Structure formats: C-alpha cells, structure tokens
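In this document, chain identifiers A, B, C and D correspond to the written order of the chains, with residue numbering beginning at 1 in each.
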C-alpha cells in the first residue's frame, strides 16, 4: 500500500537524523537552553527578517495552538476561527479545555475574510448586552488552510489591518507553512507573514522533522511568560536539543524550502492527472493536499493500491477524498499513481 | 565540564537511534496506531505481567502527570502528594491549570506514609463543613522520589491498602522508575507495582530514550477516554512510531533494566566516595541521584570541573547538592570524579 | 414606559417578601442547612413525585447550568445543545470556562429532535479518528425553549430514549419551566419531566422569586459531590434560608403553577391581538414569550409607550421582536397594550 | 440556643427589607443597570473618595474572590496568600478551578508581612529555573483576617509598597471590612484602603445585607472586561436592583459603619468577660470574632445554651473556639452570655 493519506507517514529528513546521531553523546543542559536551540532560533529570526522576535521550539501543533491562544486571551475572550479551522474541529476541545470558546466564522474553502472579521467585531461591539456573550479576543487562521488553499498577500494584509485596528492579535497556524510558501501562485514571503501576524508558527512535523513547531512572536506584547506556559502545558521537552538540531538543519541552508517545493510539485502533478481525466477538485488547493471529487468506482479501484483520506460524501455515487504529498514522497510512487490515474 | 547535574543530558541509547534510522523510510499511520506501538504496548504488558492493562505512550512527564490526574479526578477533588512531589513543586501549576488543587502532605525524604494518607482522609470525612474544602480524590507519589529515596514493598502495600479501602486511586510517577527497580535494597518488582497502583508510568526520557513515558492503567475504571485526553492536552505525537520504536527497544530484551543498573552502581560509587571522606548525605537515596552535604570550599573546587545541582543551603558554610548519574554516564568520567573526591 | 421586554423586571411575589420579613430575626445555620431549605426540598420532591431525588437550591441560571454540566462531563466531553440554547449563546462562555465545548445542533425554533441527537452520536462513534474530536457526553435542552416553544411528551420521550440508549445524561434547563407547564397545549407534567431527565431545574428567578433555581437530580449517578461543586463555583449562598423560604412559598400550595398560568394567558392575549391585526409570529410559542414580526412603523409607534426586545431583522422594513409577560404582569397594563395593538 | 457561631445567622437590616418591599413593584432593566445600582456605586465611590473607581456589586465572597483573581492573573501565575487565607482553605479549590495555584505564606495570626512577600518574589526571580514553578502574579489578604486580626496602616503601606515595586497587584478581601474599620485600635480608613489596594471589596453579606459584596477596582489596569467575567462565573444577578438597594441603604447615611461598630463592641465585651475569668485568647483580635482558649468543662457548659465554632484542639483538655457577633446581635443575648461567663 502506497500512502498518500497524510503528510506525517515517514520519519525525518536524513540530514536531521545524521545530526542527531553525531551529537548524541554530547552533554547539554535541558529544556531548550543549549547551543543548537540558540542557533535554530537565530536562523529562524533571520529567515523571517525579524531580529527582535521571540522564537520557541515546541513539539506538536495542538500543543502549540493551545499555548499560544491561552497565552493571549483573557478569560472572557474567545478566538475567532474559520469553522473548518483545526482548533475548531480536530483538537478534541483543546482550546475549550483552557477555558476559551472558539468563535467560528463560516467558510467554503477554509479561509475567512477581513470583512467577516470586521462584521463580527462590529456586531459584538454594537450589542448592548454583549457582556452576555464571549468577547472576540484574537483571530486564528491557518496558512495554508486545512483545505489546501492559501491566503494571498492582499487577503492577509486586509485581515491584519482589520485586526490591528480592532486591537485583536492575529495568530497564524503554519503547521504546513512550507507548502504554502513553496506553492506556485503564492505571493507571500515568510518575512511578510512575520510582519502581518502577531504570532505564528513554522511547522516542522509535516515538513521534514521528526516533530517540532517553531513559534515566532513578533508582537512584544505577547512575549512575557511564554516559557512558563510551555512548561505548564507539558510542552517543554527535557532534551530540547532535539528541537534545536532539527530546526537548525531545516533552516541553515534552505532545506525547509527545498523539500516543501518538491512536495507541492508532486501534488500538482496528481491534481493535473485527475483533472485531465475530467474529475473536478473540491477546493482550489495550491499546496500539498489535493481534494478530487471521485466516483465510487474510481475510489474502489485506487484504494486497492493507495491509501488516501475520505473527506466527505457528495452524493450516492461520489465522494471527496484527500491525496497528500510530503517532503518524503518518492518520485517513483507518484509516477505509479499518475500512471494509474491516467489508465482509469 | 563533566555533567552530573541531571539525567537527561545526552540523547538516546545507540540501539534506539539505530532502529529509528532503519525504519525512517517506512510509511505508517499516525498517532500511535502503528505496529511498533502495538508491540511496545505488548512488551510492557508482559514486563508488568498485566495482560489486561492499557498502555499509552506519551512524550514527557509533566504532560503525563497532568493527563492522568485530570482523567481521574472530578472537578471538586484534589490530589494528595508529598510536599516535595514533582507535581507540587516543579510543574508550573500544570495540575492547577486543569482545575485541581494539589493537597500536600509534609515529608522529610520525599516519601509519604499510609497513616498520613489515612489521617487526611479521616480528617476530611469527619469535618462537618467539608464541602467548603477540596475533597481528596487520589494519591500521587513518585518511585523513586525526587530525593532519590524509594518505597519498600511493605510501605507501598500499606499505601495501596489505605487507598483502596478509601476508594482513592493510587498513581505512581515513575519518571525514574528504572533506577528504583535496579537499586540494591529495592524489594519491589514491576509486576508488584502494577498490582499496587491503579495507574503508573515507566519513564523513558531519563532512562535511555530521546523522550517518552509509558502510562500503564491497570484499574479498568480509569481506561475510558484516555486517548481523547492525550489529544486534548497536546500529547498525541503525530509520528507516534517514534515512541513505539523506543519502548520496543527498551523492553524487548531487558535493555531498560540493564542500563538502569549501571547508572545506580555509578551513583553508589560516588556516594561511597563522599562518605569515605566524611561527608554525610542529606537523603538516604538508593538510586541514581545522590545528595551530599558539602562545605563551600569543596563545592568551589569540584565546580571547576563538574556540573552538579545546588539543592539547598544548610548553613553559611555548607550546602546540599545533587550528583546525578544516568544510563549514559561514562565509566571514565565517574572514575575521574571518584579520584577527585578522593583527593579532596 | 411599560415593560414587556423581559420576565425579571419586578421583585418577588408578595407572599415571598412577607415570609422573608417574618423570619428575618430568626437565627439559622448557613449554606442551606436550615429548616426552610429542608422543607422546600421535600415539597419539590413531592411536586415531582421523586422522593429519592436530590434537590439543590441555587441562585441563578448561568451558575446552575455551569455547575450541572461541569459535574457530569469528563474533561474530553462536550455537551450537545440546540444552537440557540442559552449555554451556547448567552452565558459568556461559562461552559467553556469549565473546560467543555458546547456542541451545537441546528434548530429553527429552539428545539432539537431525537434523531438529530442519534445522528450526532452515531457520527462520532463511527468516525475512526474520533479521538481528535470532542466526545458528546450529555444533552442539554430548555423547556420551554429560548424561543418560547415547548417539547411535547412524545418529543421528550424520544429524546430521553435516545439519550439512555447511548448512555448520555439528559439535562433540562427549566429557567421558565412554570410557563411551559402552565401552557395550553402542554402535555408534560412535572413528574414526567423528572422521569425523563437525569437532572433538570425549576426556575424561580423568572417565576415569582427574587432569585433561585431548584436543581433536581433524579439519576443517582450524578448526585455525589454536587454540594462541593456549588461551593467551588461560588453558588453556595451563606444565608441559604432565603432560597428555602422562596421555594417553600412557591410550592407549598401551588403558587408556582398559579402565577405561571396567569402569565401565559396574558401572553396569548397579546399574541392573538397581533394575529388579529394580521401580524405573523416568528415562532409558534405557547408560553410567556411571543415573537411577532412587525413593520418598522408599528415598532416605532409601540416603542413610545412599551419596552420590548429586538430579536432579529427580517428585511429592511420588518423585524422580529419579543413581548414577554411574567407572574408580575399587571392586567391593566396588558389591557392597555391590547387596546393599542387593536388600534394600530 | 443562642447563636454566636457565625455572622450570617439572621436576614438583613430592617431598613434594607423595607426598601426592597417599597420598590418591589417597580419595573427595572436587569443585571445591575438600574438606578439603585447606579446610586449605590456612586455612594461607594464617595465613601472611598475614589471617584474614578469601578464598583461592581456581586452576590457572595467565594464568587468575588474567584472572579477578581481570574481577572487579574495570567495562566502561569498564582496568587500569594496567607496559609490561613479564605481562598487557600475554605473555598473548595475555587481559585484552582480557574487554573491558578494559591501560593501560601506561613502565618501565625492570619497576617503576612511585606518582607515575606518581598522574599518570595526575590526567591522566584533569582531562581534560574523559575519557569518550572508558578510565577507569583498578585497578593491576596483579608482585612480583617480570618482570625479577627487586622492590618495596621503601617503594615498595609509596607505591603502595598512591596507589591507596587514588584508590579504585583494587591487584592484585599473585605468580607468583614466593616468590622475592621469600626474596631478600636484600627488606624486605616476606607479611603486609605482604596489607595493602597488595586482591587478590594466591601462585604455586605456579613454586615447588614441579605447578601452582596461590592468590588472596588481602583487600578485602571484591571477594569476592562470585569462585567464579562462576572457573567461568565454566574455572578450577574438578574434582579441586580436587589444589590443596588442594599448597598444604597448601607452607604447613604453611614448605616454600614454604625452597625459594624456595635458588633465590635459586643465582641470586646465577650473578650473582656473571658479574660476577666483568666482565659487567654488564641489571636489578638480587635474585631467581631473572638477566639478564647477554653477548658472542656467550660465548653460543655456553654454549649448547652450557646452555639459557637470549634476552631482547633490545644491539648487533651483545651480547645480554641470562636465567638462571633454581628450587626444583628441582640444586646440582651450578649448580656446573658456575659452573665454566664461571669458565673463560670
């Protein structure tokens, strides 16, 4: 069975493993105070052109979302999110477990707009009895989204402007950020994202690392106490060096961007193959996840050899499914899949 | 600088790294549903002679303590703990962050007794206005303790009996469990611990792994929903295989016990060297942490070459410090330290 | 200005005030352990024909919803609620503040159906990766609903059956329960509600009392620890006698039901008056809240003399508003309103 | 049985009841937006000479402590409190339920000192691994304390200075504030308390009201969002007018101070009577609670006619008990008690 169902199926990029082995016997102080973490933080600041930013290396995405949001909100505030946002759907109430409601905005392709946010804020502020409802305290979005789509520079600037005018911090979940940055059609740089967001993170787990997410806090208002919150939430890895080594390797010479690029190219090949056979896509994804709408007969056939993710039923005879590539996807496996699609 | 200040200074046992490399290209489903996790769980059940136990592989200790305790307690209940317990002191309020008070019992060496627990329960139950105070809902202890001491079989049986009679689950933090099991003077087996506790965990981070703690739930009452809680608390590692591979390696042929044994032997050599020079120990530790009371002059001398942990001041001229060995401690480094102590 | 905008505009029924004055100098133990609370609890058990039920007297609705739900759910569970449910909309995230997500079901008139609940449970149970989502742990509904509508006996029986088969406790918010019980067209008795719910409450604040909600726990599984939770949530009134006196007065000779009946009759008179003039109702309310759809001209006219609640805009020229009666509504004020509607 | 066991045994001052009756039929908007609340807030600002302060009227003490503390702290912070503080002992973990640890300081008479607080802050700040422990985020104390003792002006000024220098807000629990202000030997005015604290409250439940605590927020930094937090915690009384009427009555002409004065005088008479018979006091209380150390024979005798509170056992033959007076204590009952003490 060849897996195209998710982007965390393999281990890590060989260069990362190599570095972990080489440094295994070294003795380091714990909890991210070692030299590898220091250098990784520096490299990430440089990649973002944000020398004053705080960078924290965490283990996983849910943990990261939870800690960032709990760090920013006051108890009576909630976080605005697309209804398809990871925090709204797939984190087992991790945000609510910190005491905060996720305030969802409707979305057809995983994205929300500046005017939706503005409208929500206005609605709340103009409601005479608004103390009976949760106050919006920040905005969460994913780049790329859970549907593979991606915010354009204009869209993100508009969102950032609305947020700043309203005093609502903007937090960007970048669990798959590499794949958005590497996509054809993307017009947003890492530096611009760092400028437009107050806090965001650069995902490692799905882009070359064994695990790891690098939080970048560019707004000084949200820096204080963050390490306490990491510890309190069980996110302060004893052998923090492991995170330092991984992000150092990913960012010292652009490896993060290179491996992302390849994954996206494979994803487009798969998309084009399906489209060439007349199958439409559910979302206009430009990144490593593609969502063809396929008839049951095709699904039955492909599933004999490939694993992919069921997304949703369209009608009795059709479903949306997800095909996912990653930094580890092998060219020969993609070639085989393309051939099989072509023969459908 | 040779580090004896903590037991998470190095990476992982080479056999673990080897297995991670060998399996790196394999494609697996995520979140601990792979074959390595399955086998690790089986090996741990076998090591505990607890075929019906649920085994969950988590990343770190604070996370594990938090999840287990939150899973067991109802909102109005607290957890009884020695005042020196890790959850009471060094987890940045992780337990309180889940809504629960840590109810501390005084302790001189990190241990609590069955009669202390019984007395606390009786005091609460006999208090006519007890609804104004937190109800004790479970008991937490560490084996070995944060002071290196260890519960005997008789002590743990007495505690377990008190807990069961009172209907309070007993949870054992085994972040350094290997070092207690391997200690001369220990009379408790892993199987007995599994029988006496309702939930406990076997620490990997400090005993050979890059990271990882294996929770063993022997009381069926506390099994339901545990994986939801892991996810909600950001503890469900996407590439769960990493935990499976590590615990499989540690438990397939007794590696966990072998490397623990060596660490404890080194610790005893250090203890004996200090005692031979007339320095007393603060705690009667039989495990990998030793706590000599040393004059400032000695501390100044040793600190030129070795790192160790300041524990507490005794008087103007003396302090307690901690020397820690681990599975990774090198024989030549110990020999050098012994020689230097000898020459004091 | 005559108020028809809400049902907590006045103080308490005169008989309640009279009893508070008469007993003012008596000395009582605090926190609900006095004789008035004892008798109130007994009278409520009798009114419910539930001699084994636990009855707790709390101060307000949000507090009550929060305590009941926190008492029942485990950390990874959420509460199913109509999207218009009070806990989902108007409690400033009180439920989320206890760590739990409110899982909303769509509703057009404030009610949910047994099949909606069944479908949600099935969807969750059949989802292979359900540990990534919040587990439904109980069902919340209001009788009458926030839209004035009311569950029939058949509807509530069906819901209760689905809940019991699935092991999900059913909690009924009865902040305005009196008005549902007293409504023409209602076919559910208090006794039946006590049988079909696991926990419910009888609202006093909106039905004759200064404040107070009587929680009735009929399912023995949810009795333990409840007083601890009341205290922890700041709901244990020091002078608990005040709650006892109020519910004793309301339930010793049917006062609760009598004053509810009158309020509902006034509400129907208002509804009929609007309908006679050709104005439609937004919801088919049979209780003390009525929701006419009115043109702006009418709203402007009525608002010179009456206060009522804006509910939602229908189009440029029409809005839904709420007219509310209560146990304290005066016949002469209703007569005046009816006359004014008639003259529109 | 004559009650001297607590200070919430009776209802409310007759003038309060009178006003509640007179206004019962008036129609008001809910949730504290009525004219009585407005005037009560104004009168309290005036009594504190703090025209810019925010005043909020809440129902009870635990609720108030919980809301104030949750409003101020960030998630990784705890509240410093005397170990005998109400929040540390008698609120069923209400503070922990909001996610925060209560950091206790030892105390012999219920009071803490400026130097204790300074030392704790220094200890935390100087600890290199302080992110593993809870950060002190504010200071809580009670005036008068749970032991009836009272901070002098010099003591409170010193505490306030330490807190301000360290950036830690000072919160004063004034559940019995009237009795401290009225005590012989007190040298602190309400105005000074308002200046030295960042937030404090004036207790009504134990000083003349049916219920009610008036929170005064003098530090502008802690004003925002407070009403949201009241609502979220179930503390926003629907018929808020009841709180307004009570505090208006207590503060419009000094009633609050007059009734406090009488209660303290009675308490001193009881203290003097015990001391005249040679019985020592456990605490040097100057307020309405007195704590004589009495032999069992005396306790047995007095308990036939009076109720008082067992505090703690001193030895086999002696215990500390609490005698409490209040605004409602009757002169004839005190006379009877004095006579009986005298005859011992």
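The criterion applied here is as follows: a contact is a pair of C-beta atoms (placed from the backbone, for glycine too) under 8 Å apart; a residue touches a chain by one contact, two chains touch by 3 or more.
On a predicted model such as this, the values are computed, not experimentally measured, just so you know.
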Comparison of A-B and A-C (more C-beta pairs in contact): A-B
From chain D, the most remote chain by mean C-alpha position: A
Whole-Å gap separating chain A and chain B, where each centre is the average of the chain's CA atoms: 34
Chain centre separation in whole Å, for chain D relative to chain A (CA means): 49
Inter-centroid spacing, chain C versus chain A (mean Cα positions, whole Å): 42
Residues of chain B whose C-beta touches two or more other chains: 75-76, 91-93, 97-99, 131-132, 228, 231-232, 236
Chain D-facing residues of chain C, complex: 2-3, 5-6, 8-12, 14, 17, 20-21, 23-30, 59-64, 66-67, 91-94, 97, 205-206, 210-211, 228, 231-239, 241-242, 328
In the complex with chain D, residue positions of chain B that touch it: 75-76, 78, 89-93, 96-102, 131-134
Residues of chain A touching chain D in the complex: 31, 70-71, 74-77, 98-99, 129, 131-132, 135, 225, 227-232, 236
